[in-house]
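Several structures are given next for inspection.
Note that chain A is present in both complexes that follow, paired respectively with chain B and with chain C.
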Partner chain A sequence: MKKKHQGLWSLLFLGPHMILFILFFLIPAVFGIYIAFTDWDLFGTPQWVGFNNFKEILFDSKSIYHTQFMNGTRNTILFVIFTVPLCVIVPLVIATMIQAKPKLYKLFQSLFYLPTLFAVSAVMLVWSFLLSLSYGPLPKWFGLKINITSTQPWAWVALVLITVWWCVGQNLIIYVAALNGVPVEQVEAARIDGAGNFTIFMKILMPNIRFPLFFTLVTTTIAQFNVYGQPLMLTNGGPNNSTRVLMMDIQNNAFGAGIPTAGMASAMAVLLGLLIMLVSVVQFVVMRRQD
Partner chain B sequence: MQYSKATKIIFFTILAILGVLWMFPIVWAIFTSFKSNDEIISSDFQLLPQHWTLDNYKELTASNEQTPVFKWFLNSLIISSCQTLLVLVVVSLAAYGYTRLQFKGRDALFNFLLATMMFPGVLNLIPNYKIIDTLGWTNTFLAVIVPGAAGVYNIFLVRQFVVGIPHELDEAAIVDGANEWQIFRHVILPLIRPALTVVALFTFTGAWNDFLWPSVVMTDVDTMPITPGLQLLQGQYLTFPGVVTAGSLLALIPMLLLYVFAQKYFMQAMALNSGIK
Partner chain C sequence: MNKFAKFATILIAGALTVGSLAGCGTSTAKSESSNEILLWGQQTGPDAENAKKTFDAYNATNPKYKVKFVTMKKDTFNAKLATAGRSGKDVPDLAIVASEEVPSWHSQNLLVDWGSSLDGSKVTADAYIPSAWEAGQADGKQYGIPSIIGSWIMYYNKDLVDKYVPGALDDNIVTFDEIEKAGAAAKADGVYSYANSWGFQNYDNLYLQMGGKWLGSNGKISVNNDTSKKVFEEFQKLYKNGWMVPNGEDVTKTFLNGKLVFMPEGSWSLANIKKASFNWGETVVPQWDAKHLVQCSGADQFVIIRSKAARSEEKMKGMVDFMSWMQNNQLEMVRSGANPSSVAMLDNEEYTKMPQSFLLKDENIRKAINIITTPGLSYVNSEIDNRNWDMIEGKADIAQTMDEIQQVAEQKMK
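Let's turn to the complex of A and B:
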């Protein structure tokens, strides 16, 4: 029974989402790119300034926005480089052990997943007290007489390790599910051929879960490029702006104290967006080539 | 039997050590929230409180005008529940529409929606603020409830489920004289409940944990949700770790409860998300 065209029903079923999508995605997406080419202050009428914002951000070494952007981008990229490999490898290793089904493996899986569900602000507050020189047990145990969150390289170490602690769960569940899907016969055949655990991991498990691995690599990278809450709550970008990430500057230029420079902030957002897309495309191409 | 007993014991030991490390911050926070301030500051570390006290929680309830934590908690509850409800309605309708309704350009439209998921979300932050401001929604719950329902991913997820439902079921209903709404309501909706559970869980946790967006559009202390609110609590009680820890735990409790009761669905959902079955 072939149905006829159903204009009215389509409106009823697709209309609600379409309205929201246009209002809160499509219009903002177009408008966001447009205002990057203006001197908009968030409230007045935007004036077209062409590529001036981008020129200033990228090349004008006397401009505060140039300094912000260079520092913020550098720290954001550093954050991605430090956290992404750990956020893939650590859960992969844990998943491999869980997949062997030792005692209590289900409990372990739940434990490692738990932090993922917690709000960034709550997590960072608890950690900042754990690390605090005056109140926290950690500096005492490690015999550190310094304030971890305001001394490098400790601030970076803390930021990265806490992020790994926080985000391992998501990828872990994906890897466990993927590893459970690997055909048992392949593993058993390899065992008969005398393969050890490590060989099995590299030669059989890894190739079998290559799609989820790639999927998580891309999603993790995108997520970490958008880092904002952790450095804001833990180090407030310090010491000396050495952990200040680009999202903090974008937020602050648009919504912080002082006159909003939303045009400039949007231009930074466009550049960050381009960077994220570029990295995703490169990852995609590299993965394709290896296949 | 894929792994030897010795291997399993080694794995168990490593996992147990890691597990203790993983849980330590949470356990520490729970006990710390029941300690007095003097005890927290005192130099020798003890996990358990020597004198259990509810002072920190009392301080939170003492309806402080700058940091009404329990009000934030309630706000978050309302916001997350409403967004979940809205998303469920919008997503299930759209998922039905993009699979069962016939109109010109349907699949092209859906593919376009999918393609927009590649667009970096960071760009929408500032314009969305302007739209909320223009609608007069700043500092109202609408500002944090409604935009979250514009996403495409959930539709994609639920649509996959609807695609898997055989058309014979629809046709039987059509023979009985059902219209599109009745097919949706009585045939499709009951069958996509597992997918909708997953969507509901992730929408609720996502809304509860959202930080950047509410901190931009919800600056009023009375309507603020708890996740950005904690930032104010930190500023207010900088030298009272017990109070801040108690407040943070309050923000974690709903997620903990949800996880305990819906763990199965979280695990299914994550596996579903990775695109493998």
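Let's turn to the complex of A and C:
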């Protein structure tokens, strides 16, 4: 009888979430995978084309979708390589410094977290203004006469730094909480044994927070693979499509001007999803082995 | 808590969740059953305000079918019109679309032609500027009735013209030769002679002026040719010599600061230009050859959206009556810089005093107005907007980039 009660209570609490999960994730995900195997303009009836979309995207070098996928994937991977280490290391360093509780550390913690609260569009609008040749103070202060957002490598530098600035707070909160959970006795014992700050960090703190660290590594990697708003609003994929990421093409093919090619866009999204899964699995395997 | 109470709690929780989700959907005003013409537009800012004033004035005449105007941002407009049009439910009666969008909406079978409903009415071809009327046609049928004409024109700083290229405006036409001369003379003073604030507008105009054709011998869009190359070589020349406002600089600000002689811009930017503290004027876009005038423009069109619910003859008559009334009442809508599309407006005293009226006053210029409705060109224009600075700044090879643009347009049209 008690078990039955527990079952009903579980259902009551899980029910709303399950409904949302099924409606807004499971059904769209399954439908999206199905659409990847069709030719669909969003409005008519999807026509089954088997693996044709995938063949064209991966192997037909004359197709624009192949060009888009290759260029978009390359730029997305570059973005992940540039940003993920910084989005993990920078907040970790800041969290360690905050852990030492210097003066006004709570204020700094709030300041570092603040950008995370803003929508990507607001962040990019502000930075577009700051970097603008006509209005922005930054080019004037640094005496720059180039348009940063349309000149490489500055466009990449701007994209990466702004992204790190924007998302540093999210991981910072997790690291601060994790570091607070490290037993003080371990740190003090190490210090009595003559360990320096670096040794304590590497031998005591890091092993103690390895699970939150791994969690943030995986979630940050997934988030950065899905990058869209930053290059769209800051560089519009330029110069010369060098910052055009895959999500921009997926969105444009499905919902951009003209007749939508939703089947092709879905196939690209499925391939991106597979890539993210592959990278996550590799991260899991490497971390487990180290563990 | 008994079993029934628990079950009821779960049901209520589920129903509330689903109910709240259903509440997330947006409701769209239905017009089939009421005595109103639901009109969707994509105007924003002063254009939206002026359009609303115009339609309110029409409603004040107490027509049988009043106009309910709903305006939204371009992206939202396109998405909502496509969704509603495809389903045939909750569709507007009329929508105002850009002239170049008529073929695209028509090809998606979302439009109904005005057809015989215009018979015996004042809404006839000769009541409109010919190019504006023709822009509403597709497959030999009239799908659009012209609203107002927006043009990519050129503003100039009279004082700087007198200083650097005196006499260039004697014929009211500025050629690229004169822009180059102005650039060479003004450079030492840190003044530019040309600006590229909207890539495809400048490209389309110069391409046609240089004799370019949008369609190849196979009847399909064709832009990877020598003319396109020549167009971007000319822009490159202006840029590399330091005569063009650099990429990233605000063109209007540069013009208003008195640092730009000639500024190609939209006729809709009039409100901004009026802030200038110097003598300024408007003329046609810069020409490659003063004897072969080309002036690209767009004429918004009132189109009927296909609906599952049949519209009564009376309602169709109400819509035609609205179009007839509009012919004499476009004044509010042209205040922000556009030109009227109806011939009846050409003699309106207030309009003739507006600076943009030069486009329709001069017979030669009126004839030069070119409203492009070539199917597939919107794909080209969209790509030109993305890539034009890459070619101008020399970051991308012109021929190769135009090949890629051609490829995109061909594949998107499949």
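The rule we apply is simple: the second predicted complex is superposed on the first by the 269 of 291 C-alpha atoms of A that agree within 3 Å, B and C clash if a C-alpha of one lies under 4 Å from a C-alpha of the other, contacts with A are read in each partner's own complex, and residues count from 1 in each chain.
As a working rule, a residue touches a chain if its C-beta (ideal position, glycine included) is under 8 Å from a C-beta of that chain, and two chains touch if they have at least 3 such contacts.
The model shown is predicted, which means the values in this text are computed figures rather than measured ones.
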### Task
Using the superposition on chain A described above, determine whether A:S150 touches chain B (first), chain C (second), both, or neither.
second
### Query
Of the partners chain B and chain C, which touch A:Y135 in the superposed model: first, second, both, neither?
both
### Query
When the two structures are overlaid on chain A, which partner does A:L20 contact: first (chain B), second (chain C), both, or neither?
both
### Query
Quick one: chain B or chain C, who's touching more of chain A?
B
### Touching partner for A:L12 - first (chain B), second (chain C), both, neither
both
### Query
In the superposed arrangement, does A:Q251 touch chain B (first), chain C (second), both or neither?
first
### Query
Touch check for A:A265: first (chain B), second (chain C), both, or neither?
first
### Query
With the two structures laid over each other on chain A, which partner does A:I192 touch: chain B (first), chain C (second), both, or neither?
neither
### Query
In the superposed arrangement, what residues of chain A touch both chain B and chain C?
12, 16, 20, 23, 42, 132, 134-135, 255
### Query
Which positions of chain A touch chain C when the two form their complex?
8, 11-12, 15-16, 19-20, 23, 42-43, 62-65, 67, 132-135, 146-147, 149-150, 236-241, 255-259, 261
### Task
Provide the residue numbers of chain C that touch chain A in the complex, in ascending order.
6, 9-10, 13-14, 17-18, 21, 78-79, 82-83, 86, 104, 107-108, 246-250, 253-254, 378-379, 382, 386-387, 389-390, 393, 395-396, 404, 407-408, 411-412
#### Entry: Residues of chain B defined as touching chain A within the complex
2-3, 7-9, 11-12, 14-16, 18-19, 22-23, 25-26, 28-29, 32, 40-41, 43, 45, 89-91, 93-94, 96-98, 101-104, 106, 113, 116, 118-131, 146-147, 149-152, 155, 171, 174, 180-181, 184, 205, 208-209, 211-212, 216, 226-228, 230-231, 233-234, 241, 244-245, 247-249, 251-252, 255-256, 258-259, 263, 266-267, 270-271, 273-276
### Query
chain B touches which residues of chain A in the complex?
1-7, 9-10, 12-14, 16-17, 20-21, 23-29, 31-33, 35, 42, 94, 97-98, 100-105, 107-115, 117-123, 125-130, 132, 134-135, 137, 140-141, 165, 170, 173-174, 177-178, 181, 184, 187-188, 191, 197, 211-212, 215-216, 222, 226, 228-229, 233, 247, 250-251, 254-255, 262, 265-266, 269-270, 272-274, 276-277, 280
